[in-house]
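Written out below as C-alpha cells is the structure these notes cover.
A, B and C are the chain letters, set down in written order, and residue numbers restart from 1 in every chain.
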Amino acid sequence: MMYRIENLHLSLPDMTRKPLLGAAPRIEILKSLTFDVPKGAVLGIVGGSGSGKSTLGRVMLRLLEPTAGSIVFDGTDITHTDEVQLRPMRRRFQMIFQDPMSSLNPRRRVDGIIGGPLRLHGLDGLRSRVDEALDMVGLPRGFAHRYPHELSGGQRQRVGIARAIALRPDFILADEIVSGLDVSSQAQVLNLLEDLVRELGLTLAFISHDLSVIRRLCSRIIVLHQGLIVEDAETAELFTSPKAAYTRELLQAIPLPDPDQPWD
Amino acid sequence: MRDARGNRRQPIGLRLWLSGGWLLILACAAIFAPLIAPQDPLAQDLFSGRLPPFWESGTEPGFWLGTDSLGRDVLSRMLYGARLALIVALVAGTLTCIIGASLGLIAGYYRGWPDRIISRFVDIWMAFPPVLFAILLIAVIGTGLTSIILAIVIIDWTRFARVIRAEAMGQGAMDYVASAQVAGRTRFGTMLTEILPNVLPTIVALLTLEMGIAVIVEAILSFVNLSISTDAPTWGGMISEGRTSVHQAWWVLVFPLITLFLTVLSFSQLGEGLKDRFDPVLR
Amino acid sequence: MRPFLSIRNLSVALKNGGLILRNVSLDVAVGKVHGLVGESGAGKSMIGKSVLGTLPRALQITGGEIWLDGVDLLSIPPAQRRKRIGATAALIPQDPLTALNPTRRIGPQITRRLVDILGWTKADAQARALELLEEVQIADPARVMRNYPHELSGGMRQRILIASAFAAKPKLIIADEPTTALDVTVQKQILRLIADMQARHGSALLFVTHDLGVVSKVCDALSVLYAGKVVEDAQMRRFFCRPVHPYSRALLAATPTYTNPTGSLMPVPQSVIDAVEREVVQHDRRWRA
C-alpha cells in the first residue's frame, strides 16, 4: 500500500466566528475518512467546492496536520511526524498544484523552479536532471531560462509537472491541475500525465470537481461530499451503476456536448 | 496602489536616467566637495554679504550662486550640505529598511506569536507622535549626526514593518510557498529564497522613498535647529536662514529649496524606475 | 426586418494596433439564445463588452455596426448610446463574488438601478425586487433583501445577479460565463433558471462560455471564435451533429465526456491550429489592404 488512511479527521478554527475572548469554534472539514491507495493505482478524488477534497490532499502530503486518525505512507506512520523529520521523506511524495501561476515563483526561471528541490535533496547532475524533466513533459530545453509569465497556461502546468517528477517520487498528488486550462491544453496535460504514470510507475491521486476528466485516468474513484466519503468504487462501476444519491446527482448535472442528453 | 502592470508598455528609461543622473551628480558633489567648492563654506565675510547669483548685476567672481547675509558662499554650502544629506539618506534609509523589513518579513511569513508580538509593538510604537518623539530624543541624547540618523530609524522602521508584513502575508498564501514545503525546504529557507525575492521590489521602492524622507526629516530638523551645529552647512539650515531674508536675497532660500525638492523627487522616482526596470514580472 | 441584436463586421483593436475582434458578424433574434464559444483569448467576452460599451480602456472599436433594436449603437452620440443600452440590455456577470458590493445589502443593490436610472418610485422598485427574487426561486426574499452578500452562498448570489439583470425588463441579456465559478450541481440549477427566465421574458440572450456542454443545453445557435474571428456560425443541433470547420471538430473532440470510457482525449492537433492561424493571417492581409 502506498497510502493507508484511517478514520481521518480534520477541524480548523473558524476565525470569522471567533468570540472576543476565548477560542474560535472549530469547523469539521474532514469527518472520519478511511481509504487506501494501492501502489501503482490512480485514485480519483471527486467533490464539489467545500467537499474537503483539496484539504484532504494537503493532509495526505502533511501540509496540514490531522486532528485525529492516521496516515500511513508506504509503511511509515506520518500522521504527527514533525516537519524536521518529514523533510528527508518529502522527496517521495510530491504535488502538482491547481493554479500554475500561483504555484510557480514568478521571480525564478524555469530551471531554478525545477532545480531548486533537486538541490535541496542533494541530487547530483542538476543540469541534466532539469533537461530530462523538461524532455519528459515535452517542453523545449530552451525554456529553462524563461520566467513563468513568459509561458502559456498549459506550458506552466507542464513546468509544475516537471518539478514534481524531477525528484522521481513514488507518489504524486494532482490537485485540480486542468481546471484552469482550455480544453485543448487540458487534453494535452491529461495525456501527458497518463503517459508519465505508466512510464515512471507512479502512484497518483487526482483531485477534481469534474467527473469527465477523471474517467480516463483513474482506476478507482472516491466521491467526497461535505467532508464524508459518500462513494468509493471502481471507475467503471461508478459510472455505470453509481450507488450514492450524490454521485448520481453529480453525474446527471454534467452538461455533455450532446443536445440529446436528458436534462431535467 | 497604482497597478504597474498597466504601464508596462510605456518607456521607462527616462525616469530612471533623470533621477539616477541627478543623484549621481549629487553624490559626486558630496564626495568631491572639498575639491570643487569655490569657497570655504564656513568663511564669513560681512563685506560681501548678500551677493546675488552670477547672472545679476553687482556680483563678484567666485560666488556663482551668491552669498548669504553673513557673506558665506551659497554654492559651497550647498555642496557641503549634500554630504550631510546623502550620508543621512544612505545610513538612515538602509538601517530603517533592514530593521523594518526583517521584522515585517518575519511577522508576515511566520504569523502566530512572532506576528502578534511584532504587530502589537508596531501599533504601540505608531501611537507616539513622531516629530515630538524625535525632538525629545535629540533633546535627551544631544544634537549631532548620530542623533539624526537614530531619530529617523526609530520613527520610520514601522512603515517598513507594516508594508512588508502585508506583502509577505500575501506571498505566503501563494502555492509556490506550499510547493517549497512539499519539496522539503525549511521555513527559514523558504522565507529567504521564495518570499524575499518577491517582496524585494517593494523593499527597494520603500527604501528609496525612505531615503527621500530621510533627507526631508534632516532638513526639517535643521530648520528647527536640531540638526548638527547651527554653523554647519545643511540644506535645512540654509532654508531656515534664507527665509528671514527672502525679500532681500531670495537666492539663499531658493537654491537649496530646489535642490532639496529635486533630490527627494529623484529618490522616489528612482525607486519606481528600478521596480519597472528590474522586476522580471513587470518587464 | 433586422434581428433584435445584429452585429455586422465588428472589429476591435488594441490602441497599439493588435486586432482583438476580426470582422465579427452575428444575429440574435428576440426569444433566442446565441452562444459564443472559444478558448481563452479568443475574444468571446469582448463581443458582449462591445455591445454594452464596457470595453477595457486599452481597446477600441475600429469598425462595424452594432444594431440594437433597430438602431446602430456606433452611429449615435455616446450619451444617447449609454441611455439606450441601459434601457434595453443587462449583464449577468461571471463572478458572483465580486459583482455584488460587499458593503451594501442585497435589496438596494437590486433596486438602485430601477430608482436612479429608470426613475421608478422606491416602493415600486421594492415590490419588483421581491417579485424577482421569488421568480429566481429564492426562499424568504424579504429576508434576503436585508442580507449582505457574504451571508449568501455562491449559487444564491448568482440567482440575485440574474434577478437584478432581469429587473428592468431588458430585451437583451448578455451572460458572460455565468456558471464558470459554480459547482456542476449548482450550475445545472442556474442554467435552467437562466433558460426559464429568458423564455418567460422573451429576451434575446447572448451566452458567452468556453464549455460546449453548456452550449448544447441552453443555446439555439452559436458562433465559434478563434483569435477574434468567427470560424463557424451554426444552429445548435446542426453544429453538434455535423460540425463543419476543422477547428470546431477538434474542439468537440478535445472536450472530455464521462460517457466515453475508452476514447482518448484528442488535443487540438497542431495542423488545425496552423490552418486556422493561416485563415487569421489571410484575413488580416485582406483587411489591411
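Things worth noting here:
Keep this in mind: contacts are C-beta pairs under 8 Å (C-beta built on N, C-alpha and C of every residue); 3 or more make two chains touch, one makes a residue touch a chain.
Computed from a predicted model, the values in this text were never measured in an experiment.
Chain centres here are means of the Cα atoms, and by that rule the chain farthest away from chain B is C.
The leading chain pair by number of C-beta pairs in contact is A-C. A straight line joining the Cα centres of chain B and chain C is 51 Å long. Chain centres here are Cα means. That of chain A falls 48 Å from that of chain B. Computed centre separation for the pair chain A/chain C is 32 angstrom, with centres defined by C-alpha atoms.
Along chain C, no residue makes contact with two or more other chains. The touching residues of chain A, counted against chain C in their complex, run 48-49, 153, 182-188, 190-191, 209-216, 236, 239, 249-259, 261, 263. On chain C, the positions that touch chain A within their shared complex are 39-40, 154, 183-188, 191, 210-217, 236-237, 240, 250-252, 254-261, 264-268.
Here chain A touches chain B in the complex through residues 58, 61, 63, 83, 86-88, 90-91, 93-95, 97-99, 102-108, 116-117, 120-121, 147, 149, 163, 167, going by the rule given at the top. Contact residues of chain B toward chain A in the complex are 174-176, 178-187, 189, 193-194, 197-198, 200, 279-281.
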